[in-house]
Amino acid sequence: MSQAATQNQGAMATDAGLDVELRKVFKEFNREMAVQGIDLSIRRGEFFSILGPSGCGKTTTLRLIAGFELPSAGEVLIQNQSMNQVPPYRRPVNTVFQSYALFSHMTVWDNIAFGLRLKKQGKAAVQERVQEALKLVKMETFAHRYPAQLSGGQQQRVALARALVNRPTVLLLDEPLGALDLKLRKEMQMELSILHREVGLTFVMVTHDQEEAMSLSDRIAVMNHGKIEQIGSPKQIYDRPQTPFVADFIGDTNLFRGKVEGFHPAKLWVVTEHGLKMTAQPLESGKSAPVSGQVVLSIRPEKIRLSYRPSEGQVNCFEGRLKNVMYLGTHIHCVIELLSGDCVTIMQPNTVAKLPNADTPLYASWATEDCLALTV
Amino acid sequence: MAPPALNSSHAQSALRSSGATRRNLLITAAFAALGYGLSKIRWRLGGNPNSHPSTPKTLEIYTWSSYVDQKLLDDFKAQTGITEVVVGILGSNEEMLAAIKAGKGGTYSILYPSDYAVTQLVQANKLQPLDHSRLIGLENILPKFRHSVHDPGNRYSIPVSWGTTGLIYNSEKLTPPPRDWSYLWQYPKLLSRRFTLLDDMREVMGATLKSMGYSYNSQNPEEIKQAYEKLVELKPHIASFTTDAWKDQLLAGDLYLAMSYSADAVTLMQEDSRLRYLIPESGTSLWSDTIVIPQPCPNETGAYAWLNFILQPSVAADMTQRLFFATPNQAAYDQLPAPLRNNQSLFPPDALLTKSEGIAPLNEAMTEIYDRYWTKLTSS
Amino acid sequence: MSTQVPSSLVTQPDAHSDKESPRWLGPLVLLGPSGLWLGLLLVIPTLLIFELSLVPGIRPGDIVNPSGLDNYGLIFQPVYFRVIGRSLFFAFGTTFFALLLGFPVAYWIALIAPKQWRNLLLLSFVLPLWTSSLLRSYAWITILRPTGVLNSFLQLIGIPPLDLLNRSPAVLIGMSYSMLPYIVLVLYASLEKLDRRLLEAAADLGANPLQVFWKVTIPQSLPGIVAGALLVFITSLGDFVDPELLGGASSMTLARLIYNQFIGATQNWGFGSALSMILIFLVSLAIALLIKYGDRSQVV
């Protein structure tokens, strides 16, 4: 999987057609680098997300594509055309803004018709396409309201319709659901996903919500400190994080800092800071692992098994005591303090009838392939 | 709109112009009316001046900007021991009349009305008769000013200055030079928008009447109408009606001619030798400005001190030399240097004045007629 | 026992008055002072002016005895219609030029100029307000007169001189200049609140800068524009310093005419009051428009 994914990035570039490309793009604000040398290729028809914590440069990246910012260095291409000299109003992209930026002095109808009228479409064509867009977002009955008279979710739909009605090559979404409450957000995620399939456009979405990115996207770029940490499908990002940041940022994980003691093409032997000896899966099999190099081991909580006795022949098996339990409804999170002093979080289905007390010896174990060695 | 200075009638003497003062009077007049309206159902427009006591060390005078300067005030203070002289600047006689009649003048102990305004103030019962036993040097005033039509025998007023109304012009620009009022109508091309008339109904109407051979004070409605029509004809060529604003423009050469009071003209001629002052052949108005004591008067002793100070020949002569106006005080005149005594613009010989007349007060019906034509003229 | 009885007696009237007093006391305390102020200094004087306007030809010292609408009848003469028309012309013209000159300035300060300079720039624009309006008018005389600063400059670059002083253009120039700081302040307040994302949204939808300006910036700042325009309109309708000093012989405006009736050469307070009522009516009309527009901007 991981091999296919990484190769795709290069190979697909030429055949499937790219809608958006960023080549070594830098952006500096007041001597601070917001974006530091980003390379990005977004395929036609893809739902692509840029995910990262606030201040990571993801919104700047989107604004570079939209044209509201010009790169300090590097090049932005849309459908193989360099966009560096093209102002926002001539780019074949439309944006759904964070908190929508609807024109408060226009009705819903006029908001949606805004782009079409600028393009000197005939009256009948405007009429037809606005109607169509209203239908697409299920807002037909609100056509003559003003934005202030709509709820957040309704404004969101109008913003979507206003952008989509122009049939852009690429639709840019800047934290589109960020202002909505949880339930509405879930609903809109579903609708956004359906919409993407219906219109078949390239969507580029910026979000800090990993769940939103995971559930909607074909591929995700995880950004941190103005750089891309990893690009891949939600599964690759989750199962095969390539950096400790990605592993930590996406979902929950247990991280151990350690030193490589020895290696085998498919295995690494690592000793952690507190002296635990673990067998781990190298990041990319085939590549020579960094001997005596520093690595970070990542083990997902749901991959750890808990038992009352040490399992036979299991490599990564450590004794500990139950320290804390958190109920999460369908699951429980157990924190186990190992004899070394390290704590691991373990996720268990909420089926355990009775939990052991704090003095019962417990054994946490995980498979080699679930213990990922990430280079620092 | 400019922020109104609340009490600009107390503005110091340095303030030359009067716009701010006028506006505030409007406001304060409305206040006075308000006070009255609250106390009576049927009320009188204007009313008793609300005189509040002022210390004998303070004297407030309401005068024209050209009649006081710092030196005069300093000399007065040094002589009399009055420590503070507050000077309110007069924009026009009408402004003062409106203020005094509306009960606004309560703080003033000295006013400087022109001759015809004295009559009106007397009629409105706003002046104190002068106690001649308290005056020193009244006998120095020339006889013709002691027996004026406005105040025979100086019962209420003492003349401080006299002069004529005429035309000041730039002799380099105007050839042939003007000799009479009719010049304005004779050279429309040369003069168009290059001259100003006084912003004074009686002077402008009177001069026009005079140019047609009528009296400066005509009471004949038909004559007044003719004068109005003659002025309508001239109107497109008049740059402005102004009493003051012509001075800089005349010096700069933007204006060629201005209707002006002799006192202003003589002052300006000191600055520019090209300027000449003309007393029109067909006659003009002879005016005098006077000093009076209003009724009531917050500081009567101070007021008499002021009158006696101004009556001193040396003070009057000094003022004439410094501020360039004609003194009616014979003793002061005798002290003047010869060039000033012989200045015919300042002290025109009687021969030049035979056709001139003083501006006579009008009854209400005549005032109404003048008002109507003047308003129509300036509004069109 | 003896302690309980008074306490219950005390609490009851307390609760009673707690309910009662806010009903009228609150509004009275809040509105009373300004109401008194407005009543004494605006409503009553206006009524007195109205009463005066019903006395034909009243002069200071006369008995106020309202007797009819004669003063209003006087206004129905072509010459006064011309005066009212001229006042409206100056007011509209000033509003137009002040907007035309003020908007780009306010726009630049609010949206383009570096943030840290904004207050300083605004201050520098408001600075002329610290000088007397009379002084500013005299300055314009110096600039506009036939051999003044402007014409000297024009002569220098070979352009024939302009005869502006003592004509309408000088009045419009002087009044627009006087009004500029006000309109810049009002427009700045409005533009500064402008949501820049709306400008980006418009550009994103294909609007070039000019289209963004007309279709988004202007409509979005419309309440500010209307408020600023009315402020200028009303103020310039009442201005008489500039028309008097810069306008020459044929620049009589309503405000000047009123002034002349009260303390000028022609002292007819009745007629002046009638003219004042007309001016108050015109200004009220403008304010009514402001309220109407204000309401609409609230819906949007």
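A, B and C label the chains in the order they appear, each numbered from 1.
Rule of thumb we're sticking to: contacts are C-beta pairs under 8 Å (C-beta built on N, C-alpha and C of every residue); 3 or more make two chains touch, one makes a residue touch a chain.
None of the values given here were measured: they were computed from a predicted structure.
**Student:** Show me the overlap between the contact partners of chain B and those of chain C.
**Tutor:** none
**Student:** Among all other chains, pick the one whose mean CA position is farthest from the mean CA position of chain B.
**Tutor:** Chain A.
**Student:** Quick check for you: compute each chain's CA centroid and the global CA centroid, then name the chain with the smallest gap between them.
**Tutor:** Most central by this criterion: C.
**Student:** Using mean CA coordinates as chain centres, what's the chain B-chain C distance in Å?
**Tutor:** Centres of chain B and chain C (C-alpha means) sit 35 Å apart.
**Student:** Suppose each chain is reduced to the average of its Cα coordinates; what separation in Å results between chain A and chain C?
**Tutor:** 56
**Student:** Please work out the Cα centroid separation of chain A and chain B, and write it as a whole number of Å.
**Tutor:** The computed centroid separation for chain A versus chain B comes out at 89 Å.
**Student:** So in the complex, the part of chain C that touches chain A is made up of which residues?
**Tutor:** 195, 197-198, 200-208, 211, 215-216, 219-220, 222, 299-300
**Student:** Flag every residue of chain A that touches chain C in the complex, lowest number first.
**Tutor:** Contacts found on chain A: 66-68, 87-90, 93-95, 97, 99, 101-106, 114-115, 118-119, 146, 148, 162-163, 166.
**Student:** Would you pull the chain C residues touching chain B in the complex into a rising list?
**Tutor:** 40, 44-45, 48-49, 51-52, 57-65, 79-80, 82-83, 132-134, 138, 141-142, 145-148, 163, 165-166, 235, 238-239, 241, 244-245, 247-250, 252, 257, 259-260, 262-269
**Student:** Hey, which residues of chain B end up touching chain C in the complex?
**Tutor:** Touching chain C from chain B are residues 1-2, 17, 19-20, 22-23, 25-26, 29-31, 33-34, 37-38, 42-46, 92, 94-95, 97-99, 101-102, 124, 193, 197, 199-202, 235-236, 238-241, 245, 248-249, 252-254, 368, 371, 374-376, 378-380.
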